[in-house]
């Protein structure tokens, strides 16, 4: 990647969407010295009005089209409903803009694939905003796995439930499980081969609001993700169990988000037979390592700027976003068949 | 059921099995005024030795056969490995003894069915020890559902994981999910029509140690159960979500095991369209009702005695145990097919 | 109080201090439609620089003097170290400005008294920023007490500890206990008569970093506050126990910050003597009422604007700040004598 | 101490008191191979009746006098109300019996002193049942302090509250703080020089039901203990803060009762002056070491037997019990004076 800003001038940014996530991007862009937030656009007049009130020096407009043709703009940040991602990203890339797009990349693998190829052809950055990957906790998880602390990985189990907004255009897997899938992908560097998913739309003619998926791999490792918009209690907790140690990541356990358990299950060797029990559990110490507590989005935007300058390699490129869209597509097929396993299409599929 | 003990004489009991659960039965029987624990039998000399040390006045013997033919014995309590349940229960029933048997009733629906019919023919009590049903918390849950507090039931989600004993003869669903199935059955009085299950045996040639199942019903209600012997953190928590209220049962949250949330998801009527969102979440008060904290086994044995005296009707008869065996059988079939849904056989299937 | 802004024009504000708390005031003022943040001043060039970066349209300057003489300025917000409060507030009031000042009002009752009288003479608002009083949780507490739910108040117990900044000019009681004192004052409307305080400065020549105080009243009610800058675990929890019910306020228990326990201690009447025990405990349901989750500072600034318009009466006037300074003075005297009780001076003392 | 049981014969025990704690002693004695529980005595017929039901082979009688003169009896265990301890222990010691007595040793230092001297003269064991000292968690705490992990000890802060039995003959400090004092004594091996205590009797003519004490030492170390019988939430948590590390012991946090925080407060050297702040806080990893989870009473009785055999030295001799009685006496004096500090009398005072 070629350095684009040798002079250190901030990158000029255009933010599209000022609904749920857009304001977080705007807040971070406005205090960052790497970016200059020139435009905010949104289809809602009310939301534009509050953007104007907050960011006096930023141009706020309804239609983002004008910002695509502004030659000053370096990067477009897309924070609109998922169904609009493909068109907006394509437009931006075709105008030669780098792109950071909200998850999921698009709503199907064909369009995601198209964006990946378009960005590649044009030599542009297409980054997917898998924010959790930039938390100190998830980076610590990756570190623990990479250095072999956990031993052979056995299973991953993640829960992400709350009393949330019921989305009109995507179901709970595409809305929430995408986070767990991105964490799992980043931490383990593994790709699943098949998915079994189940769920229920608890209100007539609405999206699935509670859903579960099991990911199968080419060995005994499995991953399970449970999601719901209908839980009165908010839970965001992942477990990654290895043969030697196990690690729990609880997003809400402030001060000890990551807990490493020196516990495990061991096959006796030679096996001690006690009524046929060949397997022993072992309970040991627990360590909660200190984790970086900076806001994930701040870290992510610093990384994006470094990539734009050619100093770092993109952590979540379009390809990663595409992989996750492929898993979600398989999950949707399985959901329609009450859990029958569905193969995960590959990048080249 | 005819009262058998008008005189108030305690029922004479023979306990088979003094491994994990047997000592709890023995401790409760020994302090109960309803029972007289005449026999304890176990195949292990060590375990018999500790039984002898604890219960000086009880006859401890290796083979339970003698106790079947003792005409004084009223009731046989079977707390041995699941694979031995069928033979021991059959024998006891054929000798005219009432039976309380550990969960699961047996390892397949045919043998479970046979025991149910045998008990019926002989006019004997065949009770299955679904202990959780006798906790104050689960009884409170049933009460809340029965009085309509929750509205239309939407879904049930239960987690039961710890770093547990890896069983030699049954997998984690037959060992742990059986508890959640019995709670679900008792609280909702509903029978599932199909099951999708997934899981993994994390060690070569051992039982499934982490497994998940989704139960489908004849409407939109679903139930999901997650179980593992490989979690460093112990969790035993169930959520039952209704259209009006939701209730969480956390076995480990001492002092507030049951929490009733006045929260829900509501379809607007007439629908207010905000970018297509027709559904609203509502957060309200939370109530943690006081629950009876007596040991479940104490309550269960009082109930058993009342049934033996003909004063109460059995809460967990063999039929309930059979229903759960049918669900577990279907889950095992689905597990073998990576989540493909499997029909649940009925009592008469 | 006379309405000052019939036209609805926002009040012009000057913020002094952009260290720890100032940025929160600035952020809230900048999005409020009631205020126009015209000035930010701070002695540190670095902090001014970040203020400038964040609030492009606000004048940022080192010395606040100029802002006192700007006739446009309606209200001065003082968020500087406590030792500078008296001078800055006096100056602002003498220039006819309304004032909102960080807690504690000043470092001694004589100067606090002087400010209260000055504001009164000039007919100006002198508000003390006891922020916790504006949380939904504390307002709920006041409501519960006011409607008599708790019965006769028995005791208040509050803990506020973390691994915090060790202040150079005030000890941990003046820094942290001031919050608990303001909560207690607001919730119970009671004034203590004496204080016993103990503590320790854990590093040579620094302020007390762990300290405790017991407040005595003219009846059997007592209050205890424990504070520390040296706790590895952050705790912010208060208990108010009444004869009928008890309420716990845990600032960190998201989703159930307020818990009302229908539990109590009751004197039997007529007394049942069981080995001389005349008193019974009672455990009942627990209710966690929904509380307003808006940011306290937002609510507080809305209230301030309403007071400036003459629509509401000040909830935390200078007199309340003075009362708390009197308690803290007494605590400091007691601390010097290892807990010997010290009388609390009154407003007119 | 001379070995008394070279043959390995179990020690013959007489238990006095079968109220709250006695049954726990009986249960442990009955399964121990070190002891033979020959007698249980209690003034209440009901309690004797349940003892008889549970321990068929033990002689149950109202008056313990007969057991003192039984030459077979080696050791008398006193689990009666505190006001009866002195007479029962004296009697037992005078009959040449070893004694294990419930906490507190007696209700005043003169009588405690007398028992200590009597036991010494007769060469008998006088052990005080400070049970918490035998938990795995508290033993781990002592280990951490002993090996210097924590650095210089700064302060100890302990809370022990619940909705408990209001005692007729002792206040909440003598009932509950005695546990924290014994933990503090065992872990730090330090003796306080003065105490400030405050509290309130929330019901007319009853004992203090909520009370606090601060212990002063001959350096900057302080300890604070808060106790109540009137808290709807049960808390049993102690913090020991050192200059290098801090440790939290939470009796109810199953699985991580002991947490070691690599956090601290450090004086910069050479000091970096930032607005006069010379002191920095440091947040690091947290380690929850595995602790022995055996029941404390089991460990304690094994230790008692080892002491009786002359194999170990008594961990909690009468002298330790006396030291704690001296602290409690000073606390009572201070309570009467609303927190005025009171000197702690020594063993020879």
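The letters A, B, C and D name the chains in turn, as written, and every chain counts its residues from 1.
Quick note on the criterion: contacts are C-beta pairs under 8 Å (C-beta built on N, C-alpha and C of every residue); 3 or more make two chains touch, one makes a residue touch a chain.
It should be emphasised that the depicted structure is a prediction, and the values quoted were computed from it without experimental measurement.
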Copy of A-C's interface among B-D, A-B or A-D, judged by over half the contact pairs being the same? B-D
Chain pair showing more contacts of the two, B-C and C-D: C-D
Which whole number of Å gives the spacing of the CA centres of chain C and chain D? 39
Centre to centre, by mean C-alpha position, how many angstrom separate chain B and chain C? 52
Two or more other chains touching the same residue: where does that happen in chain D? 233, 255, 283, 286
Can you tell me which positions in chain C touch chain D when the two form their complex? 81, 154-155, 157, 159, 163-169, 194, 196, 198-204, 206, 209-210, 212, 214, 216, 220-222, 224, 226, 228-233, 239, 241, 243, 246, 248, 261, 263, 265, 267, 275-279, 281, 283, 286, 334, 337-341
Chain A-touching residues of chain C, taken from the complex the two chains share: 30-31, 33, 53-54, 56-57, 233-234, 252, 254-255
How about chain C: which of its residues touch chain B in the complex? 255-256, 262, 283-290
